[in-house]
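In the two assemblies presented below, subunit A is common to both, partnered first by subunit B and then by subunit C.
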Partner chain A sequence: MTFLKLVVRNLLRHKVRTLLTVASVLVGIFLMVLLRSLDSSLVAGAAAAESDRLIVQSAVSLYVDLPLSYQAKIASLPQVESTCKWQWFGAYYQNERNQFGQFAVDPEALFDIYPEVEIVDGSKEGFLGNRRGCVVGEQLITRFDWKVGDTIPLIGSLFPHPDGPDVAWEFQIEAVYRPTTTNFDRQTLFFHWDYFEKTLDPRGTTPPGMGTLVLQVAEGVEPTEVMAAVDAMFENGPQRVQTTPEDEFQAQFISMFGNVPLFLASIGGAVLVAILLASVNTMLMAAREQTYDIGVMKALGFSDGRMFTLLAAQSMVLALAGGGLGIAAAVVTQPGLADLIAPYLPTQYVVGTGTLVLAAGIAVALGLGAGAVPALRAGRLRCVEALGSTE
Partner chain B sequence: MIRVQNVTKTYRRGAETLRVLDDLSLEMERGRFFALMGPSGSGKTTLLNLIGGLDDPDSGSVVVDGVDLGSLSGAELSAWRAQSVGFVFQGFNLIPVLTALENVELPLTLAPLSRKERREHAEYALELVGLKDWARHRPKQLSGGQEQRVAIARAVATDPKLILADEPTGDLDRDSAEQVLELLGRLNRELGKTVLMVTHDPHAAEHARSIVHLDKGKLGTVGETPIPESTGA
Partner chain C sequence: MLVPLSYNVRSLFVRRASNLLTVLGIAATVAVVSGVLALQQGFANLYAENGRDDVGVLLRPGATYEGYSAFTREEALKLMKSIPELAEDENGAPLAAMELYTAVRRFKRDEGETNVPVRGVQPATFRVRESEFSIVAGRNFEPGSDEVIVGKSLLVRVPGLEVGDVVPINVTPFRVVGTFACEGPHESEIWGDLDRMIAALDRRGPSRIVGVLRAGTDPEALATRLADAKETPAKFQTERAYLSAQTAMLSAILGLLGTVLGLIMGLAAVFTATNTMISALASRIHEVGILLSTGFRPFPIFLSFLFEALLLGLLGGVVGTLVVLPINGIETGTTNFQTFTEVAFAFRVTPAVIGTAIAFSVVLGLFGGAWPAWRAARLTPTQALRRH
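The block that comes next holds the complex of A and B.
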């Protein structure tokens, strides 16, 4: 017979209620970790972005393409080391549920500007030498069970194949990449701009525009100077541009969905308040049921402090059990969720240690918060009142 | 020796103030079996609670074996109860989530004993009340009489000098009541415990050596019963 045994036995008086409370804490802590990780991943992605990489886009909207001619003009600036066109391709693989990022790019410039893109299978040379070649993120390889050498048919939604909307664009996997930083997506397919352009417009009469132009600032040059120079270059048209550092661009991209951090924090906060109320309710019911036992134990010589501890410990065990399971669930599901969310996130979903520590702290706070009132009442309860004996 | 001096206790019920004990003074000799009788509302349970340190008098003092309970802090009073008093309640008051053995072991967790020693003491106490074979049973698996015997085992597990029993046979049938009364008598006779038992039942009171009557919060008569007294300390 130990104190902990008494705590556990009291919790098991109503197994279903205890189980439901633990489950509610589990779900709450899991959601909190999930939402916080999403937020952190987005913020971390923007923070990890390079400040000497600039993104040029239409000043009107990201959905308005820039004329191809802009690339040569921008590249001619002495402060610019290299440039790379990006065009969102918007196709799907086999069925419309299989969405992921595909971009037509300048293949050589891609590797020059993004040294964090590391080839882990196949070869960069193979990709550069094959006009239909593509380089894909390692998570796509896992997700679709692809391998180097496979031909990947993609049905274009934004850019249907000129031979018909049901005709697939075909790409050959020449290389697999793994980014060395978290800000670069692991589920993207990059292919040759030439293949994209020549397939769409074999005669070169109406070439497609580029969604964005990424440029690498020359060493020693202040990025703000280049931003001002590029924006000034097209101030009078034909289309004005907006040049932003990569981190700001990513932050703007995220803000297109609204104030994501506030949104996530609001949901997370509401969830935590809900489980706190549920836990307080459980503990109040438990304390009420144990009133008589508390009176008996005080009569046997258990002090007010021990009675406080008994109730507080029950609350803490509930919160820690639920919190621990919630944290475990968040850790275990992290790889699967990362794959699931990847198509919708510009960065990688990561459950950080800081988030787990915060979740553990919240579980402890929840235990203290839910147990405080019942424990104080148990501590202050007078023996004769608890036993109801006031003859 | 239990010495109650000029004790007054009142309770408020709404706007009404009830004087449950009215300037009561009483002395009870150590090692005897006392029955505390009186009509409902006469202050029997209140007096028992005051002697057990469960409640405070409005005025006056309660001294048990030289310890003035009014001079103890809350924590000291808890420690004193753990060492010096065993309670037996009318409703048995066993902890429902614990087995009979664990219930008996419960007050022993406050004593400086190893887990093995606690277990041995609890088993001995259960054996004393004839329920060793029921050690693993939960209270709801026991009869009323068995529950009360477990409660008595719990009361004596820490070897207190004083046993306070509040209507211990009130919820029991005649045979079970007789067993419980016999057990309390044995604790007094064979182990020298001072037993103070509140009861309405004149037959139960006959098991005591002395009978104290209370009436409207005041001391009535104090009498001796023909029960032979033995080795009280």
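The block that comes next holds the complex of A and C.
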């Protein structure tokens, strides 16, 4: 009987116990990968952002809009290639709980500035040609069971329809997008600025303001130079602005989550402690039951080191099996979870290679840690004691 | 006849090293679940408990929260005068105030920026808030001046808001002259004079009206009447209903997180408990044989093992709860993504949290013990006594 076979036989002696231990390591490693991925998806989203796209917003408050006239002034700067205004629309679909991002934008500029917005159904031309058209993220399509051609009624909470607060704004789905990067929201509805402005104010007396203005810096221009130029333009009001690169803007947004990353990390820590305890426990039980066998083998002349390895190897096999399955589970469930979590996360849920490597490392450490105590005990065990054992 | 409970307690003690590890494993699970619940409770209670039933909130029809709501000054005045349900002060004026709600960007003490809520208030606001509002440092702002007061919860998280500091709102500098306490979400806000705020932010009027309701007011009837009003319709809610609605989303997320983590970690804990009980059974199989041959029926033996598992779970639950208790009262904060503004709150280990944690731990124990207990009960005396 080869040594490895002995390890496997010992594990199979209590199939249920082995199975349960592998399963609990699986669960622990899976959960750890999940939590760390949530955390790193938040951070990675910001890292994937572009730094030559700048966001101009009120320096004072997110509740303060910028005058529409700012767009022409900023666009006239030679360092600016194109601009796109965004206005948060703040409406809901059917029920107040069905909230998602909706923005009135400059339709052509949106596609110029954001090449990562890829149309997967319907057509860009259809959207551009229909003033009441909208382009929606593919996740909204699945969430609400919409399709291209549908008319979507939205009740304006921030911008009530001028005909009355209960009157819905209507948008026709002309295109569906899927972002090619992870940091672009996958469930937003974009519609024509023109439709927004003309519906609110048909006579054009008091045009609405814009929430933010996104600008694309011209090729070869240093973004910081543009930032300073834009900020200086409106230093004395009427509304002061703050211009930030997109990556910083997203990082700021993520920092608004406060202690959430720390919180996730603490939970991850508790999970690790729990699975470590469970594995050590199982190994101790297994070792105690093998006391007699070890006594026999030692009596037959097997070395202390050999016995140490026998126990340590069992622990390692359990940890590696559980860890491997946990990692596999995390990878397999990634697309499904990404869809599930999308409404709550500003960036896409991605399981990174770094996290997987870390998880594999933890599984190995777990195997070593859980095996150490029983293996040491097995190594030191004296024949007479072991053979006298009643267990 | 039942197997004496002391048998289980002693048995647990005999295998104490292994049982301790199991208990700690369950404790970690329970601690995580109750930690998340404590966070959720702290957040939800901050809003719901401090919302008053005798205070009404009026928003523009269709607005889901005050940041989305706006009235012109004339509309607001007309509304305040047209609601007989509002209580009156000694001069016969309605005990109600217009408020402007907005937020300013500030840096946090730990890195990053956040949106700090700013409220423009009227002198009547302090009459409405008489029972919960107090100045704890400095003084209140002078009506009509460019002065503000800051909620004390905010000071912990956002620097530069001490008495004497200057907060620019758009191009107007406002001086901080006091710190106030006001249980609830208001304590994370900056308050200043309504008219100065409207001017500084170039707004047309207030965001909402708050007022004290006369005793016996039917909120639903009032809400229907105001929604259908021809001239100046408005959306009416009691303050408690309004604030509860603001936390629905984050509360739901935390509740979901707690449930998911509880289920996944609970699964692992059940596996461990099962392992422990299987091993307990294996080492005591002789004793089971003796019990059976001395006339104990299988069912009491099943109950006995189940009880032992329950005890394991319960111990884990108690340890887990004890571990979590110290976080009670720890201040933290996040952004409420329904309003996009900063809110400070404390972990709250409420009786409901402890109750849930203990019940959860018992369930974990029972689930873990069920199968080994069933196996123990199915043994025959000869089988049990023969096996070594």
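By our rule, the second predicted complex is superposed on the first by the 322 of 391 C-alpha atoms of A that agree within 3 Å, B and C clash if a C-alpha of one lies under 4 Å from a C-alpha of the other, contacts with A are read in each partner's own complex, and residues count from 1 in each chain.
In this section, a contact is a pair of C-beta atoms (placed from the backbone, for glycine too) under 8 Å apart; a residue touches a chain by one contact, two chains touch by 3 or more.
Worth saying up front: this structure is predicted, and the values here are computed from it rather than measured.
By the document's definition of touching, neither partner reaches A:A228: not subunit B, not subunit C. When the two complexes are overlaid on their common chain A, residue A:I155 makes contact with subunit C while staying clear of subunit B.
One of subunit B and subunit C touches more residues of subunit A, and that partner is C. Of the two partner chains, subunit B is the only one that A:L12 touches; subunit C does not reach it. Applying the stated contact rule after C-alpha superposition, one finds that A:V357 touches neither subunit B nor subunit C. Applying the stated contact rule after C-alpha superposition, one finds that A:Q239 touches subunit C and leaves subunit B untouched. Looking at the shared chain after the overlay, A:V60 reaches subunit C, while subunit B stays out of its contact range. Once chain A of one complex is fitted onto chain A of the other, the partner contacts of A:G28 are limited to subunit C, with no touch recorded for subunit B.
Of the two partner chains placed around the shared chain by superposition, subunit C is the only one that A:A278 touches, whereas subunit B remains out of contact.
In the three-chain superposition model, subunit A touches both subunit B and subunit C at residues 391. Note for the complex: subunit B touches subunit A at residues 11, 20, 40-46, 49, 52, 54-55, 74-75, 78-83, 85, 87, 89, 93, 95-98, 101-102, 105-110, 115, 118-119, 122, 154, 158, 166. Here subunit A touches subunit C in the complex through residues 14, 16-17, 20-21, 23-24, 27-28, 30-31, 59-64, 90, 92, 96-97, 99, 155-158, 160, 165-166, 236-240, 242, 251-252, 254-260, 263, 266-267, 270-271, 273-275, 277-278, 280-282, 284-285, 289, 344, 391, going by the rule given at the top. Residue ranges of subunit A in contact with subunit B, taken from their complex: 1-3, 5-6, 9-10, 12-13, 292-293, 295-305, 382-384, 387, 389-391. Only residues 17-18, 21-22, 24-25, 28-29, 31-32, 35-36, 39, 60-64, 67-68, 101-105, 108, 111-115, 118, 168-171, 201-202, 233, 248-249, 253, 261, 264-265, 267-269, 271-272, 274-276, 278-279, 282-283, 332-335, 340, 342 of subunit C touch subunit A when the two sit together in their complex.
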